[in-house]
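Chains here go by letter, A, B, C and D, matching the order in which they are written, and residues are numbered from 1 within each.
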């Protein structure tokens, strides 16, 4: 059935899915770290919104908690953390140039198509139209990886990593209305610790190579020169 | 009775060996227009050596003193195995042709050890050359013998001779090759021209002589005698294996008499043949001997193969 | 059932205590005590399970069966011996000034944290919690890798963190898919992620989804196992961190990741009914096995060398689980045990050897046997054992894998044996010059505690000669659970 | 009973290993004792005192080797028992995997090889205490030596007893590893380390091939016990695959060309009594494995296999002896000659296989017996020679023939014993080496009974090669004895060598020498006792081996061939004594000592003798293509325009062609591959993420 005869909720979910995918694309194309983190925050908020809506409409109260968690962590805490780090390390003027933006974007689109093709078998076994959003979340995951591959800045890597987590959450929300509570909490905890550890590492890396360019972290190689 | 006969035959063999040597020398002198010594000269030489006091070089050990006895004993034993005038003697059963080759090797080994025992350059030189030649000649000889053994289905000499006698005159290509191979080997093994020169006095060209350079007195006598027996052994092998006719198959006096006469005749002819070749050819350089011997080896192997290929129809088991 | 809670509580408590007093001189003794207690608990648990069969905790959160119970015991044991070794080792490090007390505190805290995570991975019944614990293990160890703060160690830690993080994220996606598949059949609710529930209803789960899920789980946990081409973090992390950590990483973490994959494989096999999961694992395993054994040849760092050998052995186990016949599965379980015992023993010796020579560069380590026979022989014998020479246990398991392969996939055996040969050559060409030969200038014996090594090697030897019946039962039951039949 | 004895042998060997490990002088033992006896100071004092006593080390050594000797005796008795009874004894031990405990079996075949193991072991046990004394004060502990020796022996005995693939492989590898540590015992020399590594590597590769071979059988037979493997019904193709694998694996251990590269490296560097065991016994264990696999486990025999074995065997024989001839290092020379002898054994086995596949059981049996007998003989005289070489090494610390000479005057007893070994290995009548070669020749000569013309022509060619080999062997060992023991000493320390002091160091070799002579003179009883064995393997025995009585050998039939070594010996002794009596006693002329002939220059220094290299030079020239010879000639000239050459120095080195052609390229190939794979580890994290990314994509694409 087409989107016209869906209920409002589904339409909204699909809309949000689209927006989240869009944010991923924006991140992929973004070369300034500050904006990158900002877009990431937006993505977090969208995710939280989607979760909250699912909680409200389908009334799974425990989803409110996870919505709150994502808003708090992905939308506010982590972006702020990163933002302050960027400023303290004076990276806010840093340009993380992308080698071939056009190719990257095309690759991204290809990924979206691919993830749709991959998730078809899942979707066709269910009547829920919202499931199509799984394709999007998978795309978000893959785009996150692409982001990490294409960037040299450690901060960008963190953002990519986190956006992968966003994709996972989104998938959990649209497909299974959230994971069991214990898992949700555990994951959230892990994410938080991970964020802290990232922070620690920024300083360690900086102390060792006084820059956050991961390409310079290549002492441990076995290629014969 | 048989055993006594066998021992008598062996004694005859040993006794006749110097005679053959004398005969060979005589023919040679004739061919070279020299005045020959008497036929009995070799006996006289042996007797003289026997009476002389032997000289023992300083570095020599017991090996040097024991070697002549071992060499002689081994050679005499081989002589005992080889049917001279009669087949089916019990001694022929004790050992077959492979053992015979083995005994030649034993004798040679001790001679070579004795040559190295004295610690001179000549001894080592002779030993090295002797072993080199032997290590090529021995397989050639074995191959030649195997040709016979495979067609006769036996390695026992008197059985083989019986076989040839029973089948009568058959023109076997394999035998021709084997005969050629065996003759070449015989020349090499008995240290005759063109491989070695028993009469040389120039140490650097010596092979066999270089090894026994230090021997004297009774020891030299034994060694000389042994090499005469060896020469005769090869002669008898060639004669009785390939042309066994006339050899005694029973022990009646007349057949034995015929046997003696025939073998004497054959050996005389072979000796002439040998001398002819010796006068016709010159001695070879040591490193050309390998070609000579590998030719002998080739002949023998060809003999074997031609037996397999050309006479395959005869194979029945 | 109390044993399980004890098992989880002890390291938690230890973690808390050590996070406060971890820099005290007697901290490592406390660390050892914790591990002793944990070992006792695990043994109790093991006996309990051995007598009363599989156990499900109240709230179904924890589940102990014959498969994970022996891994728990193994984990506790290796954890203990390694902590015993880490005492003098870490003291030596502090004396030569590579470590500050604060970092020592961190080390001790995280040691217990890591043990906690390991126990949680093994005991939990909830696939989601398993994921959480696995990520927790990464977080616990990642700061240990960069403990020395050298540029290399920081780089290694960063790679470890990022690669494992991304990998584990994929595993989470797989878990979500698993949950999704289960929910469709079992309805919304917390139970749908419980392994027991999933296992009982594996037959009804949607094959297409499970296939997809397994790919994500394999790539995710496979990163942690160190399967080629997802292995790149492993040699770096092993070689740059403190040696006790390398020992527990190699001896425990890799095992547990493999354990998780196998749990998933059981479900997927139950649902798909075909051999897809098995084939994927065989492919990855064989690839890792061969590539790693080639990597061995051109190493210069001794810990790197042995981390590649870990990759190689994990590859072999993955492959064997993939083959899936009772013999192969039995062999794989057996190999898990022997490998983690041997490998941790080797890392202990390697740590001492490196301290002895003052470097990890193999071309600088020479004449160990003449300097300190215990270390030299420990390394030599350990290498002989890990290279799969009898009468050590590794040989028996490898032999079984080969025979099983010969039975099911004869054309793969040459590849396996090629790998074995290459790996052996790769190890020995480096080890022999180190243990033998004359002593370099000024190389002195050091204070080393080698009874963990002897104990481990003795155990491996014993296992190679005869498997005790109770262990045999565990293995057989686990084999039955995984492959669905008993080996004979 | 005999099985019990076999277990006893294994136990004794292990016990000696343990005894070696518990060296009362090692500090931790001392600490242990101190802890144990702490309460009773006077006992502690007594124990310590007895440990500190001067003769403690000697007693400890003695105990070790007594246990080894006991193991040897037990093995010998067990073997004799098994050969006599003929009924296989089976048993299972409570070890191994839950559903596969260790199966053991003692049948005539393993019994025979237990004897092959037992005799040299006893000799070694006699020899050892004297020999290892010199290691006492070296930097290498005797503990290692004794421990690994015990393991090594136990491993070999277990291989013979194994009745399932698992136990077989365990014992096999135990043997390899233990001997590896023995080869690496004196590891301060780089050459030894290299040899040890090469040895272990090739042992591993061989073991892999063997495992594969068993795997094939297990795959079809469903089970790892030998009984199950026997039941495996194989297609000819699979059977051939298994056979080739087994031949590779066991041949690698036995040292068949071109898989022999480790042998000349490893045997010389091990302590001599170990070299004796490795060369004399371990190679035979490999032969045992091959016979067990090919004649017993495989359910069929194809004539192509026979051809393969025959060709490889002949090649090994002739190449082995050619290389042996060119060696200067005595132990290295002996090692190469082991290659030759193993080649002869395999030639015999190849003949046997051909005849068996041809359905000619009697001749197949004859070939088998020839091969087995040669195994035993080689075990005897090769151990004897290695022990002898060890004795020389022990007294003079000299391994190179070029520096020896005249030892017969300094070590007369050893020289006599060594002479027996030399004559036997040179396959001269009336000693044992000749008997086995004679049997093999007899087998080859029966080729006429084969229908296929190809085989009929191939076998005689093989026997031609065999003939060449034995002739060269004679040359080789005449050289050894002549250069080492005869003539004048070529170096100072040889000139001052002394006879070995320790009685056992002579008794061991003497025992072996006695066996050589005995078997050489009275082979018939031994060959008859192999009846059960051949029955088990080929289903036939040499019915008319002693038709003419127990003094005689008539392998096929009296009219075909007969040999009575005993009578021959009597004859020789008689004639020799007669001559001696007539020529010496009667004349009574005492020989006069004098200088040897020196062309009148006066004074022959030792340097004028032929050296070992010079002795073998003609052969080197003649068989040029077989070698890779590196010759260098340095000359220093003097006088105007450097016309006068004052010093000439000639050096030559004979390299193994197999090494250059096969092994070095393989090693380079592996390294190249490794370098290529190393590119995976770029060091850049983004590449790594890329790997993970694309793996994921690929897998997703695969499954959907």
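Quick note on the criterion: a contact is a pair of C-beta atoms (placed from the backbone, for glycine too) under 8 Å apart; a residue touches a chain by one contact, two chains touch by 3 or more.
All figures in this text were calculated on a predicted structure; none of them were measured in a lab.
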item	value
Chain ID, smallest distance between chain and overall C-alpha centroids	D
Contact-richer chain pair [A-D vs C-D]	C-D
Far-end chain from chain D, centres as C-alpha averages	A
Intercentroid distance (Cα basis), chain D paired with chain A, Å	70
Whole-Å gap between the CA centroids of chain C and chain D	43
Euclidean distance of C-alpha centroids - chain B vs chain C, Å	78
Whole-Å separation of chain centres (CA-atom averages), chain A against chain B	101
Numbers and ranges of chain A residues touching at least 2 other chains	118, 121, 145, 148, 157, 214, 217-220, 222
Residues of chain C engaged with two or more neighbouring chains	158-159, 162, 166, 170, 212, 235, 295, 298
Multi-chain contact sites of chain D, meaning residues that touch two or more partners	675, 678, 680-681, 685, 689, 692, 696, 700, 704
Inter-chain touch pairs (all)	A-C, A-D, B-D, C-D
Footprint of chain A on chain D - complex, ascending	675, 678-686, 689-690, 692-693, 696-697, 700-701, 704
Complex interface listing, chain A residues touching chain D	114, 117-118, 120-121, 142, 145-146, 148-152, 157, 214-215, 217-224
Residue numbers on chain C that touch chain A, as the complex places them	61, 126, 128-129, 131-132, 135-136, 139, 142-143, 146, 149-152, 154-159, 161-162, 165-166, 169-170, 172-173, 175-177, 179-180, 183-184, 188, 190, 192-193, 206, 208-209, 212, 235-236, 239-240, 295, 298
Chain D - residues contacting chain C, complex	94-99, 139, 141, 165-166, 169-171, 173-174, 176-177, 184, 187-188, 190, 193, 196-197, 200-201, 204-205, 208, 211-212, 214-216, 218-219, 224, 670-671, 673-675, 677-678, 680-681, 685, 688-689, 691-692, 695-696, 699-700, 703-704
Chain D-touching residues of chain B, taken from the complex the two chains share	50-59, 61-63, 65, 69-70, 72-74, 76-77, 80, 93-96, 98-99, 102-103, 105-106, 108-109, 112-113, 115-125, 127-129, 131-132, 134-136, 138-139, 142-143, 146, 149-150, 153-156, 159, 203, 213-214, 217-218, 221-222, 286-287, 290, 297, 300-301, 304-305, 308-309, 312, 315, 317
